[in-house]
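Please read the structure below before turning to the comments.
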Amino acid sequence: MSEKNLLEVKGLKTYFHTFKGVVKAVDDVSFEIKPGEILGIVGESGSGKSVTSFSLLKLVEPPGVVEAEQILFDGKDLTRAGEKEMTKIRGKDISMVFQDPMTSLNPLYTIQKQMEEVLILHEPGMSKAQRKERCIELLSAVGIPNPKERLREYPNQFSGGMRQRVIIAIALATNPKLLIADEPTTALDVTIQEQILKLMKKLVRENHTALILITHDLAVVSRMVDKINVMYCGKLVETGTTEDVIKRNAHPYTEGLLNSIPKLYEDRERLDFIPGMVPNMFDLPAGCYFAPRCKYCQEICRSQQPQMREIAPGHKAACHFPLIREKAEGEVE
Amino acid sequence: MGEEKLIEVKGLCQEFHLTKGFLQSLRIENGKLVKADKVVHAVNSVDFEIKKGEVFSLVGESGCGKSTTARTVIRLLEPTKGQIFYKGKDISHLSGRELLPYRKSMQMIFQDPYASLNPRQRVEEIIMEPMLFHGIVKTKEDARKRCHELMERVGLRPEQAGRYPHQFSGGQRQRIGIARALAVNPEFIIADEPVSALDVSIQAQILNLLMDLKDEFGFSYLFIAHDLSVVRHISDRLGVMYLGGIVEMGDRHAVFGNPLHPYTKVLFSAVPTVGEKPLVEEIEAEGEIPSPLEFPKGCSFSDRCPYRTERCGREKPQLKEIEPGHFAACHLL
Amino acid sequence: MERKEKHEKNSGWEQFLKSEFFYHYKKNVPAIIGSILVAIAIFIVVFGRFFAPQNPYDLTQIDLADSYLPPIWQDGGKAGFLLGTDAQGRDIFSAIIYGSASSMMIGLVGAMASCLIGTTLGLIAGYYGGKVDAFIMRVADVQLSFPSMLIALFIMSVFGRGVGKLLVALTMVGWVTYARTVRGETLSVKKMEYVEAARIIGLPNQKIILKHILPNVINSVIVLATIQVGSFILTEATLSFLGVGVPITKPSLGLLVKTGFDVLFSGLWWAAVFPGLYIMLIVFGINLLGDFLRDELNPNLK
C-alpha cells in the first residue's frame, strides 16, 4: 500500500475544562488512514476513543477544546476549516454511524424523507426520481427486503438491526471517503451484530471507503479491521496491523485486554484480568498511566511517561519495556 | 454438590397486557369494531431446576424472556401461569408479607451499575439497609461493622463507606451491588447480566469475584447472560432461551461440546472471538428476531432457521432428552 | 451539590464553595441577580418593620393631612415619606414593606401546601398506578381544563375574602403541577433497578416511596416550588386587585396597587407604580433563580 494517506492526524488534543479541573480526553494522538482502509480504535470507557472521532469532525462542545498540529483530510487541513466548510464535509466526505439505532433516526419522518435529506443537502444536482432511485438502491445494498415499500415506513416499523442498516445506508448515500462508526453494534444482539459487521465490511470494501470502527470489543475488531489503535486514558498506547496487535502485541495493556476476554472454547475456573481500575481522569499517575495496573511495571514507569516508538515497521507502542513476542512469550526485554 | 433442589420452576408463563382498559383494546378491522387485547408472551412455559450450590445460566438475546424469567423467579413479578418452588415450597403467588422470609434467602445482582444504586444513598446506607430491615444485626454499630467487612470482602476500601455511588467507577459500583446482595446472607443469588455493562478488563474481575464468593459461601446462582463465552466459565448447567422458551438445556460440557439446537449453533458462531477456531461450522440465522406479539405458529425459530422443514412451521417442538441430561426442542433431532 | 454541603464532615460551607453547584452559580449572572433580588426581598420581609418609618396599618400613626404627598424628590415631597403617600396618608415605602411581608408569606405558604399535597398525590399515583392513579389524574385533568385564575376567582367569590381562604384557593389551584410532574418522574424512577433491589429486600411500599423514590424526584419539586412562589405572589396580587383576595384591612402588595390604581389617572401615579414595580422585581428575581435551579438540578440537561 503506497497510496497517499486519506487522513493524517498529528498531535490531536481534546481537553475538557470542567470545574474539577482539566480532563485530557484525547492527549496527543497521531494516526493516519489510507483510502479504503479499515482502522479500529479500541479502548475502555473513558479512553477517549469516541471523543477522538468527534474531534475530527469538530463536534466537540464546550467546555471541550480541540487542538491539533494537523488534521489533514484529503489534502485539506481541518484544523483551519470553519464551521461552514465542516458542514460541507460532514455527511458528505465523512459520515458517521452512531451506537444507538433507536435514537439516530427521527421518529416523525419516513425513511425516505430522512435518506433524501442527505442527498438534497449534498447532491443538489439530483432530480426527485433520481433520488428515489438512489434510496432504493441503497436500501437493497444494505439488505433490506422490499426497499420500495419500506421507504414509506417510519423508523418505529423497523427493528434495531434494520434501523442500523438504514443508518448505514444513509451514511453511505453520498459515497463518503471516510465512514466513522462509533460502537455500531454494541446495542444489538450477537446474531444481528454479526450480520451488520459483515455488511459494513462488504460495503466499505466495495466502495473503497475508509472506515474508522470505534469499539470496546477487541474481538469484534480482530475480525474486521486492517489496523488497530489501542487507547488508554486519552493516550494512544499501541498501533499496528491487526496481526501485530492481536498476535504480537507489545503493550502490557493490550496483552491484559486480550487475556481478559473470556474464551469460548476453553474451560477455565478463573479468568485472567487486569488488576485495579482505570485511573481517575482528574488525577492521572505521573509516569505511564497504565503503570499502577501493569505487572511488568518498573521504577522508570512510575516517573516517566513513555513515548510512542516503533517496534517493527508500522507497529508502535508507548511502553518503556515493550513485550517482544518473537523472542519469548511474555518476557520482558 | 448436593442433589437437593433449591429452585424448581414448572411451566412458568409470564404475559403482559399492552392494552390498558376497555377503550384501548378496541380496534377497527375490516370496517368492523373488534375487541382485541395485545398480549406479549414474554415467558412461555419454562421448566428448569437449580440444585444447591449449582450455577444455572439462562442465555439468549434481548427479548428472549431471560430477564423476565429471573424477575418472576425472585417474585418481582407474579407469574401468569406455572409454579416456582423454593426448597419445595410453592412461592408463586405469595403476597408481600408472606414472601418476607424468602426475601432473605434470595437476592439479585443487577445489570446496570448506574441504575442499581440509589444515587441519594451513601454506600453504607445501601449495604446496611437490608441487614437492619431483616434484623440480621442488632444495632447500627454491628451493621456498620458488618458493612465494612462486606466491603472489604468484595474488594472495596471500607473508608469509602461514606461516599455516594457517583463517586465510584462502574466496576466498583457493581461491587457495591454485590455487597448489598450479600448483606442478608442469601442462599440463592440471581445475577442479571452482572458484567455486560462493564469494561472488558473489569468483567473478568467481577466474574472471578462471583466465583470466589460462590466457593466461599456455597451460593446457588441463576445467571442471566447474552454472552456465551461468559457463561461457559461460570455455569454448571445452562439453558438457551429464544422467544420466551428454552430451546436447549443441559450440562455445560454437553451444550458446549455438542450444541444440538440450530439456534444454539447460530449463537455459537456469532460470538466474536480473538484468533480462536470456531468449534461448530459457521451458520448464520436469517432475518431478525420476531416480535413476541406475533408468535410463529410452529417452532419459534422456524422463520430464521437455516434447516427448517415444512413440519417446523406447523408444529411446535417439545423439549426432548437427546442424551442423558441434555435436552433440546427441535424436530430434526 | 447542595446536599453535599450538609453531609460532609468537614466544614460544610467550605465544601459548598468548592461544589459544582457553586461553580456554575458563580458563572451565571442572571442567577446572581436573581438571588440578590430574592435576598433583598427576604431581608425586607424579616427586618423591614425595624426600619420602616411608620406602621401604615396602625391608625394612630397615620395623619390624614399627609395624604397624596408625592415622592420625596418631587415638588411637594416631604421628608420621611420617601415614595410619597396614598389617600389615607400612609407612607408608600412602609406600606410596601408591610405588604410584601404578607404577600411573600402567602406565596410561600401557598406553594408549600400545594407542594406537599401535590407531591404526595403524585407519588401515590405514580407508584401504585391502576385505579388510584386514574382517579387522581382525572381530577387533575378536570382542574387543568379550567384557567386556574378562574378557579381561584370562583372559590374566593363564593367563600369571601381572607388570608386563610386565599391559601386554600391557591393550594387547590397549585397542587396539580406537582402531582403531574412527580407522577411522571415516579413512573421512571420506579423502573430503576435500585427500586427493584429495595423490593427484593422486602421493604414495604411506604418505605420505598420515602427513601428511594422521593429523594430522586425532589429536585424537580424544588424547582417547581421556587417558580410557584413567584407565580402565587402574582396570583395573590391579582385577586386582591380584583377585590376578592386579602381583606382591605390587611397589608398586601395587590391591595396597594388597587388603591393606587383608583387614583392613578389623577396624576397620583406613585401610589400604584411603586408597589407594582416591587412585585415585578420580586417575581423577576424568583424566576431567574428558578431558571438557574432548573438547569442545575435537572440531570437531563447536563
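Every chain is named by a letter (A, B and C) in the order it is written, and numbering of its residues begins at 1.
Convention: a contact is a pair of C-beta atoms (placed from the backbone, for glycine too) under 8 Å apart; a residue touches a chain by one contact, two chains touch by 3 or more.
Please read all numbers here as calculations on a predicted model, not as lab measurements.
Chains joined by the most contact pairs: A-B. Greatest centre-to-centre distance from subunit B is found for C, with centres as Cα means. Put simply, the C-alpha centre of subunit A and that of subunit C have 51 angstrom between them.
Rounded to a whole number, the gap between the C-alpha centres of subunit B and subunit C is 49 angstrom. Averaged Cα coordinates give subunit A a centre that lies 32 Å from the centre of subunit B.
Interface residues of subunit C, counted against subunit B in their complex, comprise 3, 7, 9, 192-194, 196-204, 211-212, 215-216. Of all residues in subunit B, only 61-62, 169-172, 199-205, 207-208, 211, 226-230, 232-233, 266-277, 279, 284-285, 288-289 touch subunit A in the complex they form. Considering their complex, residues 44-45, 159, 161-162, 189-195, 216-220, 222-223, 246-247, 256-258, 260-275, 277-278 of subunit A touch subunit B. Listing the residues of subunit C that touch subunit A in their complex gives 20, 23-24. On the subunit B side of its complex with subunit C, the touching residues are 71, 74, 76, 96, 99-100, 103-104, 106-108, 110-112, 115-122, 129-130, 133-134, 162, 177, 180, 184.
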